[in-house]
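Below you'll find the structures, each written out as structure tokens.
Each of the next two complexes has chain A plus one other chain: chain B in the first, chain C in the second.
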Partner chain A sequence: MKRPAAIAALSILGAAALVTFPLWSSGWESSRYATTILRDMLVLAILALSLDLLVGSAGLPSLGHAAFFGAGAYAAAIAAQRLGSDDLLLGFAAAIVVSALLALVIGLFAVRAAGIFFLMLTLAFAQMVFALAFQAVDLTGGSNGLANVHRPMLFGLDFNGPEALFELVASVFVLVLLLLWRVRASTYGRALVGLRENERRMRALGYDTTRLKLSAFVLAGALAGVGGALSGWSLRFVSTNDVGIGRSIEAFVSVLIGGTGSLVGPAVGAVVVLFVERVLPSSIPFAETVLGVLFIVFVAAARQGIVGLARAAYARVRAP
Partner chain B sequence: MSPEVVVQQALNGISFGALLFILAAGLSLIFGMMDVVNLAHGGFYMLGAYVALTVVQRTGQFWLALVIAPLVVGALGLLIEPLLLRRLRGRHLDQVLLTIGVSLVIGDLIGLVAGREIHSIPFPAGLDRSIAIMGGDYPLYRIFVIGFGVLLAAVFALVHRRSQAGALIRAGVDDAAMLSALGVDIDRLFAITFGVGAALAAIAGVIAAPVFGVFPGMDVDALIYSLIVVVVGGLGTLSGAIAGGALVGTADTFGKVLFPQFALALIFAIVAFVLLLRPTGLLGRVRIAR
Partner chain C sequence: MTEGRVMIETRDLRREFGGVKALDGVSLTIAEGERRAIIGPNGAGKTTLFNILTGELEPTAGRVLLAGEDATRRSPHELARRGLARMYQRNELFEPLPARENVRLALAAAAGPYRPASPGPRDRAAAEVLLERVGLEGRGGVPARSLSHGERRQLELALALAQRPRVLLLDEPTAGMSPAETARITELIASFDRALTLVIVEHDMDVVFRLADRISVLHEGRVLVEGAPEAVRGDRTVNEVYLGKVVA
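Up next, the complex of A and B:
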């Protein structure tokens, strides 16, 4: 088999294995627990993947990406609640429309800045969204959050059970991965990389760089919103944590630890981050410190991330 | 609003603005010199408040806390710069990212050592009463905060313009590479800058503690406010920190009184408006680090 075909076959196999995880792991003693953790890892991975479109491809370091994740989570939950419908498509539509609109509004201001300024602006704007979510008690439940979020249905298919919900999350994850893979290979994706590498030259080539950045910001925001909707359904709960700086940092740390600009890097990072945050605390009480130190080490000494390191190691092994 | 209320709220606004100035000054100083936005600034602020809490609990001395907290936190800053940031010199964005890690560690370790409860520090003796202003009672401590902010600004301005250290700072802000080429020990200068910036955050933490309390999560609040102040006022300049602090402090205070639901929207509007007109802030330098 030729290499691309082998990779394609392996990818399809991997995706199928992932989506069917609850089925083949059902014999395990801790299958339930593993399914829950893996589900949450995939939700964070979707957020991290969408963020990497900004950080890795376009070179826009957003530290406020949770604003769109949370907006999606709230939108899906509130739409279902107010319209009295548990339709899956309605939930996704609400999440995508609201988070994309929010990204458009924030992006109009944020993409005017670059680098550190962009980072500060996205952080500040996201904190505004957090505060609004905190204050709009009638809509969001304020500090209590929205409990008892209904899990969705689609054409009579019920995603209420843990297995069905996992399959939904995993399928969406695979679709997002596929979409981002297509985007990266497209002229649009190449133009984003050009933006990162040399914005002035892109302008000279006739690209409207502000518009290009804004479109990436909106696309990343909408994908984060999809992740948010899945988060609400997974936990049956949406709270201000979903829009908070903590979630933004989680996503950012995932992207950097996993490896920016490599397709699967952010997903790998998300797995590491949630492992440290969720599995480790049962044995050590200072998991967040571990995460902080890990992050510092990766930023200072291994900026290419886990996937970058693995690629370098693989290249060394292959080279005679 | 009656005139008394207007005066009271104006004083509240200026008092909060003075605190924001103290808080943002350190952030602005570090940025001006090193082109690094220190996202651990909120962590340093929180650490300062917790050190002060410990000192006050042990000795009951607020003023001692106001001396010890900046010394402790400043020493930490003095260590972090050469140990962590120096390796990444020239990679400004990575330096900024690294400070996120530092803030995670500081926040988590404080929670581990001091617990997750809300604490408060009593007003220092002598400042724990109110005085009559325009027929109403007004807490003396808030007047003290205004005075302290003004004093600090005056000292800064004096050091900045008249002393040799000020000359170094101005030269460093203007062109650190050239300063280094002229034979100034830039490593030392950067370490000291970072230490002083951290110490300033700690001072703000101590000053704020009797008013706002000491609790987990205070680091995020402080970081966001200081970022807003420097975005509005302009990074890297003393006058920017003053203007930003005054504007954001007053707007926030009046916003919360006049339309509590939309106070944040008001700040948001100010940030957006300033950025539309002047992307580098009201009094910021033209250069933006990438």
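Up next, the complex of A and C:
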């Protein structure tokens, strides 16, 4: 079998194994727990993957990406509540439209700045969205959040059970991965890399770089919104945590630890981050500091991230 | 060379930087297909002029016309789409990307980035043709940053040519090159389609006299002298302010 075909076959097998995880793990003693943790990892992975489109591909370090995640989470939950419908497509549509529009508005200002100023602007706007979510009590429940978020249905399929919900989250994760894989290979994805490497030259070549950055910002925002909708359904709860700086940092750390150079890096990073945050504390003391140490190590010594390190190691093993 | 039609016109172009007059009323008329050299000592305003022509800098006053249409204060990407390309004095390349990918990005600019498709075999072939045109055949897989200085200048040229420009601004095309590299890139530029309008800023007078149809001498932000190469070479004031220092 040729290498691309082998990779394709492995990817399909991997995706199938992932989506059916609750089925084949059902014999395990901790299957329920593992399914829940893995589900949350995949939700964070979607957020991290969408952020990587900005940080990794286009070189736009956004520190406010949770604004769109939270906007999607609130939009899906509020739309379902107000319209009295648990339709899955309605939830996603609301999440995508609201988060994309928010990204468009914030992006119009933010993409005109570069580097550290872009970072500070995205952070500032996200804090404004946070404050808005905190104060618009009638809409968002304010500091109490929105409890009792209904899990969605689609054509009579009910995603209320933990297994069905996991399969939904995992399927969407695979679709997002597939979409981003296509984007990276496309002319558009290559143009984003050009933007990262030399914006001046891109302009001189005839690319409208402001519009290009804005489009990436909106696309990344919409995908983050999809992740947010899934988060609300997973936890049956949406709160200001979902738009807060903490969530933005979680996503950013996932991207950096996993590595920006590859498609799956940020997803691997998300798995590591949630493992350290949620699983490790039950077995070792001071687990909370592990993430900080990891972060420092990767920023200081391994910018290429886990996937970059793994690739380099693999290349060394294969080299004669 | 097509007679008559004006490709680039500047009218009383002025640019100040905090009181310093970089351009102090520059009026130029460059015909379609003409090869115009702009020479002058450092600080004469040559790069400022280029930056205004490409839209990277706004003039304090004055106008720019490209093929008869107003091009003052237009964004660089808009001017690029109207047929203006530029070879930078300091290379502006996509450093970690292979030479081939650098050229592909330049080729893809015309159709824009909003296409779902990945580059096909035709795009790839076009990139190879351009690399060969500038003498980089067989070097397509090398990252821009790993090319030699001369090769990087050649790649700069390939990016500009990939835009299929009507006007090509060359900012010191031979800067930092060895004599052999200089000779090669000069002949390469000389071999360009005569329909392409060239504006060349260059310090190497051999290169200038090899390429230029006409020469404008810029001094302290003004056009001091303008004319055919022989006339400029013989001009006394030009020799005093500039040439005298270079070709004694």
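The criterion applied here is as follows: the second predicted complex is superposed on the first by the 314 of 320 C-alpha atoms of A that agree within 3 Å, B and C clash if a C-alpha of one lies under 4 Å from a C-alpha of the other, contacts with A are read in each partner's own complex, and residues count from 1 in each chain.
We take it that a residue touches a chain if its C-beta (ideal position, glycine included) is under 8 Å from a C-beta of that chain, and two chains touch if they have at least 3 such contacts.
Note that the structure is predicted; figures quoted are calculated from it, not measured.
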Exercise for the section: Using the superposition on chain A described above, determine whether A:G292 touches chain B (first), chain C (second), both, or neither. Expected result: first
Practice task
Have a look at where A:T122 lands relative to chain B and chain C in the superposition and call it first, second, both or neither.
Solution key: neither
Completion exercise
Winner on chain A touched-residue count between chain B and chain C: chain B
Exercise for the section: Return first, second, both or neither, reflecting whether A:T35 touches chain B, chain C, both chains, or no partner chain. Expected result: neither
Handout entry: Partner chain in contact with A:S99 - chain B first, chain C second, else both or neither
Key = neither
Handout entry: First, second, both or neither for A:S254, with chain B first and chain C second
Key = neither
Problem - Contacts of A:S234 with chain B and chain C, given as first, second, both or neither - result: neither
Handout entry: Residues of chain C that touch chain A when the two form their complex
Key = 54, 56, 75-77, 80-81, 85-86, 88, 92-97, 101, 104-106, 108-119, 159, 162-163
Completion exercise
In their shared complex, chain B is touched by residues of chain A numbered 61, 63, 109, 112-117, 119-121, 123-125, 127-128, 131-132, 135, 245, 249, 252-253, 256, 285-289, 291-293, 295-296, 299-300, 303
Problem - Of all residues in chain B, those that touch chain A in their complex - result: 35-37, 84, 87-88, 92-94, 96-98, 100-105, 107-109, 112, 220, 224, 227-228, 230-231, 261, 264-265, 267-268, 271-272, 275-276, 279, 288-290
Handout entry: Touching residues on chain A, where the partner in the complex is chain C
Key = 182, 185-188, 190-194, 197-198, 200-209, 212, 215
